[in-house]
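For reference, the structure discussed in these notes is given below.
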Amino acid sequence: ERDKYENNDVAGVVTGLAWTQVGGDILFIESILSQGKGNLNITGNLGKVMKESATIAMEYIKSNADKWGIDPEVFNKYNVHIHVPEGATPKDGPSAGITMLTSLVSLFTQRKVKKSIAMTGEITLRGKVLPVGGIKEKILAAKRASIKEIILCKDNERDIKEIKEEYLKGLTFHYVKEMSEVIDMALTDEKVYNAKTL
Amino acid sequence: ERDKYENNDVAGVVTGLAWTQVGGDILFIESILSQGKGNLNITGNLGKVMKESATIAMEYIKSNADKWGIDPEVFNKYNVHIHVPEGATPKDGPSAGITMLTSLVSLFTQRKVKKSIAMTGEITLRGKVLPVGGIKEKILAAKRASIKEIILCKDNERDIKEIKEEYLKGLTFHYVKEMSEVIDMALTDEKVYNAKTL
Amino acid sequence: ERDKYENNDVAGVVTGLAWTQVGGDILFIESILSQGKGNLNITGNLGKVMKESATIAMEYIKSNADKWGIDPEVFNKYNVHIHVPEGATPKDGPSAGITMLTSLVSLFTQRKVKKSIAMTGEITLRGKVLPVGGIKEKILAAKRASIKEIILCKDNERDIKEIKEEYLKGLTFHYVKEMSEVIDMALTDEKVYNAKTL
Amino acid sequence: ERDKYENNDVAGVVTGLAWTQVGGDILFIESILSQGKGNLNITGNLGKVMKESATIAMEYIKSNADKWGIDPEVFNKYNVHIHVPEGATPKDGPSAGITMLTSLVSLFTQRKVKKSIAMTGEITLRGKVLPVGGIKEKILAAKRASIKEIILCKDNERDIKEIKEEYLKGLTFHYVKEMSEVIDMALTDEKVYNAKTL
Amino acid sequence: ERDKYENNDVAGVVTGLAWTQVGGDILFIESILSQGKGNLNITGNLGKVMKESATIAMEYIKSNADKWGIDPEVFNKYNVHIHVPEGATPKDGPSAGITMLTSLVSLFTQRKVKKSIAMTGEITLRGKVLPVGGIKEKILAAKRASIKEIILCKDNERDIKEIKEEYLKGLTFHYVKEMSEVIDMALTDEKVYNAKTL
Amino acid sequence: ERDKYENNDVAGVVTGLAWTQVGGDILFIESILSQGKGNLNITGNLGKVMKESATIAMEYIKSNADKWGIDPEVFNKYNVHIHVPEGATPKDGPSAGITMLTSLVSLFTQRKVKKSIAMTGEITLRGKVLPVGGIKEKILAAKRASIKEIILCKDNERDIKEIKEEYLKGLTFHYVKEMSEVIDMALTDEKVYNAKTL
């Protein structure tokens, strides 16, 4: 059984693409804020590298808060919790990086995530998006899950070109080099319904 | 030997359904408050994923305190301890998620848990309930333990339909999609006897 | 060589019953207070589950301090150290729960432990005592050690009924369901000699 | 090569008896104070049980400071470091307990350790000394090292009685039941030369 | 697939040379600052020795802040995050030491890194650069990646002399003994565009 | 390839003798101070026992600060970092103890280390130097590295006597029993060039 895209109207929920032993799948990155002192909680049966992605995303946002109009004060007034369902499945690897970044920027800006969009790509501290593996399997999973638009690293364009045209029907690809392009593409300028004032 | 349902009149004690190597069983999620600084203590010989469920439940409640009329101040004035007897049995997996959530909401609101109800389902940070495995074994255990009502994820309805009618006699099922539905179903509007003022 | 019961006149020393690879034995739970900030120290070559029992006992007492007239302020002014001799023997399991609870209540109330009494049973956060294994071996060890009274979970009564009458001569059994019954049975109303004023 | 007794005139250095794979040996427990906030540092390639002995000794002294006229304030003004040479040899077990206790009481009272004395025995939180193993090998090592007096648990007297008289010539044994007897026997009433004022 | 040199205009990004099981490669050391209290975060799937290199670089800079005109106050006002993409590849060893040092000095001075330069060498606390292995493979990778200048330890000059002249065409080597020479060579006197005022 | 002695004019750099699987070698203990709160950082791919040596050296100096005229205030105003190159080589054992002690005393007093001197020996908390192994291999390595003077434990004199005279030519040995003798022998009364005022 595969997951289906769900339209999530809350801030901080973003659809990623995963590549597991049993093929491609979509996954959700979920993040929430609670009053606190700036702690970062990470759950979802994640391995070391995937936890590092969450840390990198968080630190990148802290270091570039002005880029998205985030008041740096909020980092000290809230705890952040990032979770990746489903808990029974161990997950690892750097490819959820841009999904985590998008989740956290949505959370801190309360901007709405675009509908029917999914993404996969590694993040860096210098703002570049890096290519990832398993592209073919991930694309097939995205189609099954009714995803319409996909954000990939420019370097993954070659992987898409090797996939038969018929499998790509109905999908739009956005190739990016910079992490700021991901945010521009994935988040709308609208706030979520009942947006929190941070 | 299997456990029997016990009517617990204290806040924070909720009946869950577990699936172990020796079949289905019921289990109790117990939680208490003590004066403190907001620490979360988790015991009961639990594995990593089950401990994560407790963290997710706690953080979700912190982030959605207003949903159940909880004053956020209490999170800093008390320590929470969640325990899952029996200590000799190792336990893991995400399926106690909704039971833990219900236990903690009961604890923080001092609302009474409905009689003869049990539940099983994974929780998320976006408020969705996810389906879990071992449904048939869990249902049989629930019947043996004199449970009358069971809360399951809507996606687990198909598992119930595959069970012979005779095994289901006397059981009422509540299928939910959202975590807020679990709380509405499982907690009464009454306070427990001798409810604490937090 | 087996241990013999020793009359301990200091607060916090309680006799438990253990079941090891070489048969039943008695063991002592020892606890002391020192000026501090509420830390809990646990020693005695204990495994994870037995350490959890100590935490559960401590948190249960903190949450129910009024039940035994304990001023909650003391929990922040002292450190507690629980030790289970003998250090060379690894120990684990939940069955020392009620012994640890009794040790800590004696410590915080400075009430004297009844003479020649021993006990075995798992504790919970909802105040119930749960049954434990190895009852026959534990009873034989208790007799050898000159124990006169034994506290057991009501559900362990069936195990006693399977033991030949001759082995039980001279022993009185107290079957309990609630943790508060254990304390009523095991602690006298007298303070220990030279009781500390906490 | 075996160690020889060295007359140590500084506070906190006490001779113990050890039983290793290559036979009996003497060992030194060394402890020092430095300005700090009450931290306990333990080194010497020690296993879990031997580290626990150091913790038990420290906590027992904190809880019974008045017994030896120690001002409880000192526990917060100094860090304690306990070391057991030689670092290349892994060491474990509870038998250095009374040696560690003696070392720490000497340290906190600045009382001089008696000459040519060694000891071995497990400590408890209720103040009892427990018997230990390897007595014969330890005694032979003590003689080789020119030890004159040995402190043992009363329950180890039987082990001494099984040793041929000729091996015991020149050794005086002190059998104790209580930890306070160890201190009375091992520490003189004199302060060490250049005693620190704590 | 091998990495290509990228001209990075942000502070804190420096090109290193790595030697892996599949041959030589270039890698990027990335570091950023965020408001904080002086914590050091290290990610990139790094082993113990490579993490130690980051600590050594950081502590060396703290101890020699005046050497590069860094106000020691900044060490307490910011957190530093050092990352080494790509997260899927485990990395270890001391050879990224001078690259990490250069990254951090660039970060704290906001000085621009020289174009088309790469480096490899171990650092010490006494300011010496130590030689490293895999020089031949690293040089070939540097050429493929369009690197023009390479900084090496003076003791690695002999390794370069063993490489055929044709492989070295277009490459300039800088042999250093001291860590201060690395910084002089690798950082320009210019600030990066949009330099932060720390 | 073996290391050669380097004349280090900075405080805190001392030459030790090591015995590894591939024979004897010299090694450098490096230590530095940075503004801080008294933390001790230890790097160099060291095992547990060698890290303990660093802790023992540090604590011994804290406890005996007056012996070398060190103001105890400095221990709270600086962090200390001890590093042992080369990071790629795992190192362990207690024999670098006196070298670490010398490095730290040099660091805190800013006294210059004597030229062409090396040392090996275990330290204790009671101020004694203990003998170590691998003396023959270490001496050969010292000669190759142009060391002129060597500090050893008095008990290692017998090991020197078993080495052929011709291997010892040009080497002067200093046999010590106390840690204070090591410092007297290894540090000059001169301050290093550009000595820090602590």
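All chains are identified by letter, namely A, B, C, D, E and F, in their written order; residue positions are counted from 1 within each chain.
By definition in this document, a residue touches a chain if its C-beta (ideal position, glycine included) is under 8 Å from a C-beta of that chain, and two chains touch if they have at least 3 such contacts.
Nothing here was measured: the structure is a model prediction, and the numbers come from that model.
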item: Rounded Å distance, chain C centre to chain F centre (Cα mean); value: 52
item: Rounded Å distance between chain A and chain E, as computed from the means of their C-alpha atoms; value: 30
item: For chain A paired with chain D, centre-to-centre distance based on mean C-alpha positions, whole Å; value: 60
item: Numbers and ranges of chain F residues touching at least 2 other chains; value: none
item: Graph class of chain-chain contacts, one of line, ring, star, complete, other; value: ring
item: Ring topology as an ordered chain list, initiated at chain B and continued via chain C; value: B, C, D, F, E, A
item: Contact set on chain D toward chain F in their complex; value: 6, 8, 10, 12-13, 28, 30-35, 41, 43-45, 79, 81, 83, 85-88
item: Parts of chain D lying in touch with chain C, wherever the complex brings them together; value: 48-49, 52-53, 55-56, 59-60, 62-63, 72, 75, 93-94, 97, 122, 124-128, 130, 133
